[in-house]
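Listed below are the structures to be examined.
The same chain A turns up in both complexes below, where it pairs with chain B and then with chain C.
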Partner chain A sequence: MTLNQQRKLKTILTGLFAWTVALVLFFPIFWMFITSFKTELQAISVPPSLFFEPTLDNFRIVQERSDYIHHAWNSVVTSFGSTIIALVIAIPAAYSMAFFPGKRTKDILLWMLSTKMLPAVGVLVPIYILCRDYGLLDSKTALVIIFTLMNLPIIVWMLFSYFKDLPKEILEAARMDGATPWDEVVKVVLPLSVGAISSTALLSIVLCWNEAFWSLNLTASDAAPLTAMIASYSSPEGLFWAKLSAASTLACAPIVIFGWFCQKQLVQGLTFGAVK
Partner chain B sequence: MKRFTKNTLTYAVSITAAMTAASAFSATQITVATVNNGHMIEMQKLTPEFEKANPDIKVKWVTLEEGVLRQNVTQDIANKSGLYDVMTIGMYEAPIWGERGWLQAVDTSGSYDVKDILPSIRGGLSYKGTMYAAPFYGESSMVMYRKDLVKAAGMEIHDRDSWEHIRDVAAAVNNPEKGIYGICLRGKAGWGDNMAFMTAMANSFGARWFDENWKPQLETAEWKNAVNFYVDLLNKYGPPGASSNSFNENLALFNEGKCGMWIDATIAASFVTDPKQSKVADKVGFAQSPYAVTEKGANWLWSWALGIPAATKNADAAQKFVRWATSKEYIKLVGEKNGWAAVPTGTRASTYANPKFQKAAVFADAELKAINSADPNDSTLKPSPYVGVQFAAIPEFQAIGTTTGQMISGALSGSMTVDQALKSANTSADRQMRQAGYY
Partner chain C sequence: MTYLAITDLQKHYDSYHALRGINLSITEGEFVVFVGPSGCGKSTLLRTIAGLESSTGGSIELDGRDITEVASSKRDLAMVFQSYALYPHMTVADNLSFALRLAKVSDAEIKEKVRSVSASLQLDALLERKPKELSGGQRQRVAIGRAIVRQPKVFLFDEPLSNLDAALRVQMRLELARLHKKLGTTMIYVTHDQVEAMTLADRVVILNAGQIEQVGTPLELYRQPNSRFVAEFIGTPKMNLIAANKIIRQEETLAIELLGQQIHFPANRLKGPLPDSVVVGIRPEHMSLVESGGDLTGRIELVEHLGSEAYAHLQLSSDQTIIIKAPARTELKDGQEVSLKIDISEMILFNKNDRVISVIPEEV
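Presenting the complex of A and B:
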């Protein structure tokens, strides 16, 4: 086998492996999607049917029963709202830690990350009581605050990793030209980090969009996002898989489409550490 | 002065008119938490009828998964958050929460006709004679079986057969090569899953959860006999992977024509006889649950009911809604709009006395008989200190029941023996009861 052939074979094998992994990862979503077009009886049939007469009944039922727009709007407000607030806090924090590291910077970063290791249920009762006392139960404000705090460590870490790889000489040059710290962040660091900030924001939005624990525990009707809508289709007594799949498809659709449009930034951002 | 008086009068009249108009249009909003069961969904659809009759009340619905609902309403009620004005609870919660003063008593005055509610259901939702939740629908357990398969196997099923006979029928019907299993039973761990069934079965073997001094009795011969019988029966004649099956999984198997028999909630009767959901709708027969040494507690009793938390700020509106949703008039409304086979059952004697319902629901007699024969106050052969057929209505039971359910599910899947499972469950229950200060 020539070197060329070996290279070709390697490319084909790598491609095959990548496709297999992609298909395995995508299969549950594909199955959810096709189940949403089945009747309840078809959805539970064993062996599962791949060829069937599709129906839109489940989507009609979901539309009739749930106020999809209301839930979707809540998801948009809480995901985007918390991401914007988190970025506003995280950018200066990451900037100061990356360019003016102190003795304890690494410890602080580790401590921030360690808060992610605490199981959410561990702080459920105190947070629930705080929300009750401040009249924040079933409010989007509560979710925005929680989501912001939840994602802040990851956002700071991601931005810190990117900022610390920026050449310090650029900032020094800006300082020589009389730039204030504000100018440094706004006019130098931010324009250089658009890709990293976009991908960090995207990741944060996706995490908030998919968050279910706090959404289910702190909301009832007014602030319930799409994850709460999906949960409402599970039934203790009755078949529900097809309707649940339709609700899930509708809930996933906006973020999948959004991710599709932003995939370039997402891939670029997620691999920025590897490239450098 | 005259002008001032005139202007003042005009302003006063205008403000009063505006305030009157505003109060006329500012409806009280109540939030109702419920589960995604068919009857509850129908109730949501029919809510505009209630709002039409009560223009000053608007109803908002929150539908949750059963486990999440339990957690949320418990959190809400224990913390007095007032997030929900009406909550869907079960027969387990109603007396416990009623005793703690977390629920308002249901207003049963006037035309509500509380005496029409089936006595066992009414008793199960009451504490010291006061009803703390109004039953929306009720259920017991019974045998649902494939008449065609049982007949073809040369067997018969009657009310209150012995468990041995049920095993013989399961053996005769079992045909795994054709994808038909003799019997489908709950195996998934959970106090409301496998333990609902297992407790009723154990009751009929003479078992009880606690003795008169609240000591767990899981290592007694009665429990061992019952669990051994159950494990053996399901392993020999049940579907593969039975330890992960609960109501919905067995419903799916039965509707697909894969179960010869299924012993579960009477509410399933309306699903398995519905041609839209079931491939065997016209082949289903019903019988009262089997027993071993006693009929006491052989079939369970449950009700999904509507309760009003003590912390609600809209108690009057919530009472009006609960009275409407659990009334005879509501059942009539569903019957007329959706057909009498679709009405919520298991709550009122008048439903079963209705010829239209009797005609539409082939399972009516069997269901009523099952519900009437269950007595939550006397469900064990030996005396027991607790109320409840398939559970003990004490706060500690959820944890004890679920742990025991996990052990028995483990024995079913073969990861431990029945003796080991019951020993571990008893040790765990003993520790919890001790910690809770029962002895």
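Presenting the complex of A and C:
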């Protein structure tokens, strides 16, 4: 084999591998999507039917049984609200740790990450009792607070690692030009980090959107986001695969579309630091 | 009159003592260059003056005001960084006007100042470009322009030319010298390049291991260094050093035995007591070839022709080589035996602690 052929083969193999991985990852979503257009009987048939007459019945039933707009609005408020609050806290935190590191900065970062190592269920009871005592059960406020705290370590980490890569001299130049710390952040750091901040925000929104544990345990109906709505279809009356799939498709759709629009920022964010 | 006074300045990083008691006074309008090998503390000293590093002792006074504890943004100093440090998200015009906008200068005044600075640095055509669309030399001019536009009390330059290629560096060096002449503002400049130091400075501060080794005009440092460190650091090719183990005082002169031959050094140029041994320092241009009867003899190892001049490497003994300067069209051949005459008036003596123990006679 010539070197050129070897190279071609390598490209083909790499492509094949990438496609396999992508398809494996995408398959469950694809399956969910097509199942939502099946009848309940088709949905549980073995072997599964690939060719069938699609129906929109499931979507109609889901619309009748639950108030999609209500749940979607709850999801929007909790995920966007908590993300904004988390960013407001995380940006100054990451800024000070990246540009004025102390002896304990690394320890603080690790400690923050360590809070993610505790299984959520471990603190369910105390948090449930706290919410109950403060009248926050089934309230969006409770979810916003929990989501904010839940994602804060990840957001601080992501912003910290981006800020750390910003050339320090640029901030020093701003300082020599008479910039106060506020000017430095608002006029230099933020404009330079638009990509990183948007991708971090997007990640946080997605994580909140898909969060189920706290949503299920702390809400019932008033504040229940889309994840709680989906769960209501795996109910005591039995599993309804097709309706569950329809509900899930409806729940995923907004965030997938949103993510699609933010794709450019996201890719830039996930590869930041690579080209500098 | 002293404009910037640095008194017993100290800087510790944990266990590392970066600045060990710096004392320096700079007068208004002076061009001072800090030079030294890497790790000598020159950049730390500049950054401490800028306020980007805090000092751990001593004080800095600027124009009669103690600025030791003042924030960088309030010191009224401008700095040009080695990496230019332009704001990548702003156009050239915005980069230039950033400080003025922060200081709430009126729009009309900003416009006028940016215009005059960009004209003087030939940046007019580039005002709407972003830094990434500029060449290295253009970026450096923007960085300089950003400093000038503010009319600060002192300019600080941190190795501003070291990212440029050799030709551009020479050109920018000249521009900086012109700029200093035109503005007359005090400038402090850090470099590891002794040619930059020699050509730009009114006064050069040589730093070594966190201390000032010597301060003086470029020519003072060249002719009358006070230590072996300075003597070797300034001048290319380096000063020749030859160890002499035998010195005898003979009335008006000191007889110094150099590789078996005696040379006579005026005794009145010796500072302090007669040492047991000395190292003799002679620059390459202070030795000349003679037909016979010179102070030193050696064999030519290699001749380097630079066009305007030539340097010959001579083997004096098995473990001693020296460099001498020769005319451009020298007839010297490799392997040739030659005899050298030393210009005693430019010769320097070092003691065994590497301090200079001789003085150069005043120029006639």
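Before moving on, here are some points about what is shown:
Please note the rule applied: the second predicted complex is superposed on the first by the 267 of 276 C-alpha atoms of A that agree within 3 Å, B and C clash if a C-alpha of one lies under 4 Å from a C-alpha of the other, contacts with A are read in each partner's own complex, and residues count from 1 in each chain.
Assume a contact is a pair of C-beta atoms (placed from the backbone, for glycine too) under 8 Å apart; a residue touches a chain by one contact, two chains touch by 3 or more.
Bear in mind that the values here come from a model prediction, so they are computed numbers and not experimental data.
Annotation for the three-chain superposition on chain A: chain B and chain C fit side by side. When the two structures are aligned on the shared chain, A:188 is found in touch with chain C, with no touch to chain B. Contact with chain B, but none with chain C, is seen for A:232 once the two complexes are overlaid on the shared chain. Of the two partner chains, neither chain B nor chain C is touched by A:57. By the touch criterion defined above, A:128 lies against chain B but remains apart from chain C after alignment on the C-alpha atoms of chain A. After overlaying the two complexes on the shared chain, residue contacts for A:46 are found with chain B alone; chain C is out of touch. Once the two complexes are laid over each other on the shared chain, residue contacts for A:220 go to chain B alone; chain C is not touched. Between chain B and chain C, the shortest distance over C-alpha atoms in the superposed arrangement works out to 51 Å. Counting contacts by the rule stated earlier, no residue of chain A appears in both its interface with chain B and its interface with chain C. By the touch rule above, chain A contacts chain C in their complex via residues 167, 169-170, 172-180, 183, 187-188, 191-192. Per the touch definition, chain A reaches chain B in the complex via residues 40-41, 44-46, 65, 128-129, 132, 137-138, 216-217, 220-221, 224, 228, 231-240.
Looking at the complex, you find that chain C touches chain A at residues 50-52, 71-74, 77-79, 81-83, 85-89, 98-99, 102-103, 146, 150, 156. Chain B meets chain A in the complex at residues 31, 33, 35-38, 41, 44, 60-66, 68, 71-72, 75, 79, 81, 83-84, 192, 247-248, 251-252, 255-256, 258, 265, 267-268, 271, 277, 279.
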